[in-house]
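Listed next: structures, encoded as C-alpha cells.
What follows is a pair of complexes built around chain A, which joins chain B in one and chain C in the other.
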Partner chain A sequence: MLELTPEIRAALIEYLYGLADDELLVGHRASEWTGLAPILEADVALSSIAQDEMGHALVFYRLLEELGEGDPDDLAFARDAPDFRNAIFSELPRGDWAFTVVRQYLHDVAEQVRLEALADSAYEPLAQAARKILVEEKYHLIHDRSWVAKLGPATEESHQRMQAALDRAFPHALGLFEPTELEPVRVEADIAPPEEVLLKRWLDEVVPFLESATLQVPARREEQGWRLLVEPVYGGRRGEHTEYLETLLQAMQLVYRMEPGAKW
Partner chain B sequence: MVRKAEPTVTEQEVWAALDDVKDPEVPVVSVVEMGIIQSVELDGAGRARVKMTPTFTGCPAIEMMREAIAEKLAELGLEATVEVTLDPPWTSDRLSESAREKMKQIGLAPPARHGGFVEMDLIQVVRCPYCNSDDTSLENPFGPTLCRAIYYCNACKQPFEKFKAL
Partner chain C sequence: MTVQRYEEAYDDPHYEEKLAEFEARIARGEKIEPDDWMPPEYRRQLIRLIQQHANSELIGALPEGTWIPYAPTFKRKMALVAKVQDEVGHAQLLYRAAETLGKPREQMVEELLNGKSKWSNVFAYPAETWADVAIIAWLIDAAAIINQTIMATGSYAPYCRALKRIIYEESFHIKHGYEMIVTMVSGTKRQRDMVQEALNRWWEPIMMFFGPPDKLSVHTRTLQRWGVKPKTNDEQRQEFLSKYVPQIWELGLEIPDPNLRYDENLGRWVYTEPDWDIFFRVINGDGPMSKERIAVRRLAYEEGRWVREALESLAKRVLTQPEPTGIVA
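Let's turn to the complex of A and B:
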C-alpha cells in the first residue's frame, strides 16, 4: 500500500487537478454544441460526450476531496483561472465543427493512453477510476475516429478546414504532456508514468491515423524516435492560461457564484 | 410507512426489497437485476450498509437511486447507508437474464456478454428487439442516455436502442 508522505500527497494533488480540469473544460466545450451541432446525431453524441467528461471530472474531484481539497462543486465552480491546471489545449474555444472533431479526437486518445497507464497506478483509488473510465471512453473514440476519417478526405473544403484545425490544435495538444515539477515524485512512487512516455504512445497512435485521413502532421518518425516540428504550448499545468479560460469560467461559474451553496 | 427498527430483518428480505427499486432509466428493471448492488451488510441493530456501483460514472440517476434505496429500506425499519464504489467496476456482464429479457420487451436490445472484451459487442450482430432480424446497423454510439446506443433495423425499418456493453 502506497504511503502518502507530504511530498507524494502534493504530487498526487497536482496531478489530479490536471486530470479533472482537462475533463471539465473539454466537457464544457462539448456541451456548447448542444442544440447547435450540424446534424441531430452529432448533437446527441456531443451532449453525451459532455456528460461523460463532466462525470469523469467529478470522479477526479472526489479523489481530491478525499485528499482534503474540498467540495467537488467548489473545486469546479469556485476556483479562479490561475488555480486551474488544465492544458491550454482544453480551454481553446470550440471553433468550427472541424476543430471540435480534431480536438476531441486528440483529447480522447491522450486520455486513453494516460488511463491505460493509470490503471496500474500504485494509488489504488486512481487505478480504480482509470479502469472504469477507460471502458466508457471507447465510445468516444468510435465517434471521433469516424468523423476524422470522413472529413479529412471528403471535400476540398472539409480537408482544408480539418488541416487548419489540426495546425492550430496540434502544438496545444502537445501541452497535455507538459512535465511538471513533481513528476519525478510520481514516477518514483509508481503513481503515474513520465509524460514523455505517454507522449510517445500518443504520437504512435495519432500520427498514422491522421495521415491516413490525408492530414499532414508536424511530427516525423526518426531512428531515435519522434521529432516534433512545432513547439509545444506549455503553461497550463503551472496555472498560466489564456483569456479564453477567463471567458469560459465567467459563463460556466456564473450561476454557482451567484449563490454558493444553494440547494437545488 | 416507516416501521420501528426490527433487528430480525434478514439479508434475504433486504435483497427482495431492493428488487422493488427500479432503475430510473430502465424502469422495468430493478437495481438488483441491473447488477449495480454489490453487497448488503446488516449490523443486527437496525442499520444496513449497501454498496452500489454505477453503470456509467457520469450517470445522473446515481443520486436518485441512492435515495430510493434508502427510502425502501426505511420501510423495513432499517437505517441505510448507501455507498458508491468503483471497485470492482460495473460491467454489462452483471446484467441478469431477467434484466435482458425485460429490456427486449420494451424494445431495448441487451448487450452481448463479452467476458471483459467489450469490443466483442461491436463486432457481434445486434438483433432487432422488434422483429428479431440480424440485419441491423449502428447509427450512433450515443443515444438518449449515456447507457444507450442507437441502431437501425434494415428489415422492419425501425430505429431501436441498445443498452451499451461496458
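Let's turn to the complex of A and C:
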C-alpha cells in the first residue's frame, strides 16, 4: 500500500485539484448552453455532459476532502482564482458552438487517456474513481466525435468556424499536460504517469481524427515523435489564470458567498 | 364555432354523423389518435394548446437557465441544469405531439419568435434572486403539474402520452424546489427575507397562471365536452390553493393577499381577483420580460443557424448519394 509521506501527499493534492478544477470549469462552460443550444436535441445532450463533468469534479473534490482539504462545496464555491489548478484551456469562455464541441472533444480525449492511466494508480481511491468515470466518458466521446466529424467538412462556414475554434483551442489544450515541480514525486510513487506520456497518447488520438475531419492541426509526426508547431499555453497548474476565470468565479460563487456558513 | 368548421361541415355531407360518433367516443373515455377523424375545430384548438405548452417549456427554460451559472453548491447546480434540461426535453416532446396534428416544428418556432404564438404569463417576469429560482421550481412547477395532470385525462392520445412523462419528471422538480425553500426559510434572516420577497413577487402571476376566471373564458364548454380541457381554469386554481396554501403557511411564509381564506359556506377559496387586464397584456407580449425572453431565443436561434444549415447540408448529401452496391462484408 502507498505510504503518504508529506511530499507524496502534497503531490497528490496538487494533482487532484488540477483534475477537479478542470472538470468543474468544463462542466460549467457546457452548462452555459443549457436552454440556448442550436437544436433542442443538442441542448439536451450537452446538458447531460455538463452534469456528468460536474459530477466528476465532485468525485475528485471528495478525494480531496478525504485528504483533509475541506468540504467539496467550499472547495468549488469559496476558493479564489489563484488557488485553482485548472489549465487555462478549461476557463476560456464558452465561445460559439464550434469552439464548444472542439474544446469538449479535446478535453474528453485528454480525460480519457489520463483516466485510463490512472485506473492503475498506486493511490487506490484515485484508481477506483478513474475506473468509474471512464464508463461515462465513452458516451461523451461518441457525442464529441460525431459533432467534429460532421461540422468539420459540412459547409464552408462550418469548416471555417471549426478551424478557427481549433486554432484557438489547441495551444491551450496542450496546457492540460503542463508539468509541475511535484510531477517526479507522483511518477516515482506510481500515482500518475508523466504528462509527456499522456500528451503523446493524446496527440496519437486527436491529430489523425481532426485531420480526418478536414481540419489542420499544428502538430507534425516525425521520426523521433511529435513536433508541436505552436507554444503550449501554461500557467494554470501553477495558479496563473486569465480574467476569464475571475469573471466565471464571480458568477459561480455569488450566491454561495452571500451568507457565509449558510446552507442553500 | 368558427367559420372554418362550418366550411368543412358543408364540404362533408356526413359531418354531423361523424361528429356525433366522435363525441360518443370521447364520452366513452376513448382516446383520439392522429389518424382518427376529428372536427377541424378540435384539431385547431389542440394545436393551439400544445403549441403554447411547448413554447412555455422552451421560454420557461430561460428565467431559471439564467441562474445556472450562479447556482450555489454542487447539488443545486447539477439539479438546476437537470431541471432546465428537462424543460427543453419537454418542449421537444410537445412540439412532436403538435406535429402529429399536421403543423411542422419550424413553423411553430417561427411563430414563437415573431410573437404570433403565445406562452405562459409566468415566464414574462424576472427571476430576481436565487429565492425566485426556488419559488419557480416549487410553486410554478406545482401549478403546472396540476394543470398537466388534468390535461392528461384529456382525449388526444399523443398529448396525454407526452404529459404523462412530463408529469413524472416535474414531480422531481417540485420536490427539489420545496427542499430549497425549506433550506432557505430555516436559514438566516436574509435567506428567509429573500424567500418572502420572492413569494410576494410571484403570487399574483401564479394566481393568473391558470387563466382567466370561467366567466371570462370563451369556448370552455365545447373544449370540456371534447376532452380538450377537462376542467375549468377556476377548478384548477381552487385545486392549487387547496394543496399549496396550507404548505406555504406551514413554512411561516405570508401570502400577499389579505382576502385569501377558505370559505366553509361556499366550500371554496376566496381571494382578491387578480387584475386580468394585466394578464391579457402579459400573454399578448407586453410583460416585464416578454420582449427580452423572445430576444434571447431569437439570438440563440440566429447563433445556431449555421449549425442547422451544416446538418441539413449533410443530410442532403447523404440522400443524394447513390446506393452503395457490391459491398461485400
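Here is the rule we go by: the second predicted complex is superposed on the first by the 261 of 264 C-alpha atoms of A that agree within 3 Å, B and C clash if a C-alpha of one lies under 4 Å from a C-alpha of the other, contacts with A are read in each partner's own complex, and residues count from 1 in each chain.
Heads up, the rule we're going with is that a contact is a pair of C-beta atoms (placed from the backbone, for glycine too) under 8 Å apart; a residue touches a chain by one contact, two chains touch by 3 or more.
All values reported here derive from a predicted model rather than from experimental measurement.
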{"item": "Which of chain B and chain C A:Y244 touches, first, second, both or neither", "value": "neither"}
{"item": "Chain B versus chain C as contact partner of A:W226, first or second or both or neither", "value": "neither"}
{"item": "Contacts of A:L151 with chain B and chain C, given as first, second, both or neither", "value": "second"}
{"item": "Chain B versus chain C as contact partner of A:W264, first or second or both or neither", "value": "second"}
{"item": "Partner chain in contact with A:S31 - chain B first, chain C second, else both or neither", "value": "second"}
{"item": "First, second, both or neither for A:P72, with chain B first and chain C second", "value": "second"}
{"item": "Partner chain(s) touched by A:R131 [first = chain B, second = chain C, both, neither]", "value": "first"}
{"item": "Touching both chain C and chain B, counted on chain A across the two superposed complexes", "value": "41, 44, 47-48, 51, 54-55, 58"}
{"item": "In the complex with chain C, residue positions of chain A that touch it", "value": "28, 31-32, 34-44, 47-48, 50-51, 54-55, 57-58, 72-73, 76-77, 96-97, 150-151, 154-155, 157-158, 161, 248, 251-252, 254-256, 258-259, 262-264"}
{"item": "Residues of chain C that touch chain A when the two form their complex", "value": "58, 61-62, 65, 68-74, 76-78, 81-82, 84-85, 87-89, 91-92, 95, 130, 180, 183-184, 187-188, 190-191, 296, 300, 303-311, 313-314"}
{"item": "In the complex with chain A, residue positions of chain B that touch it", "value": "56-60, 86-87, 89-91, 118-119, 122, 139-144, 146, 149-150, 164, 166"}
{"item": "Chain A residues within the chain B interface of the complex", "value": "41, 44-45, 47-49, 51-56, 58-59, 128-129, 131-133, 135-136, 138-139, 142-143"}
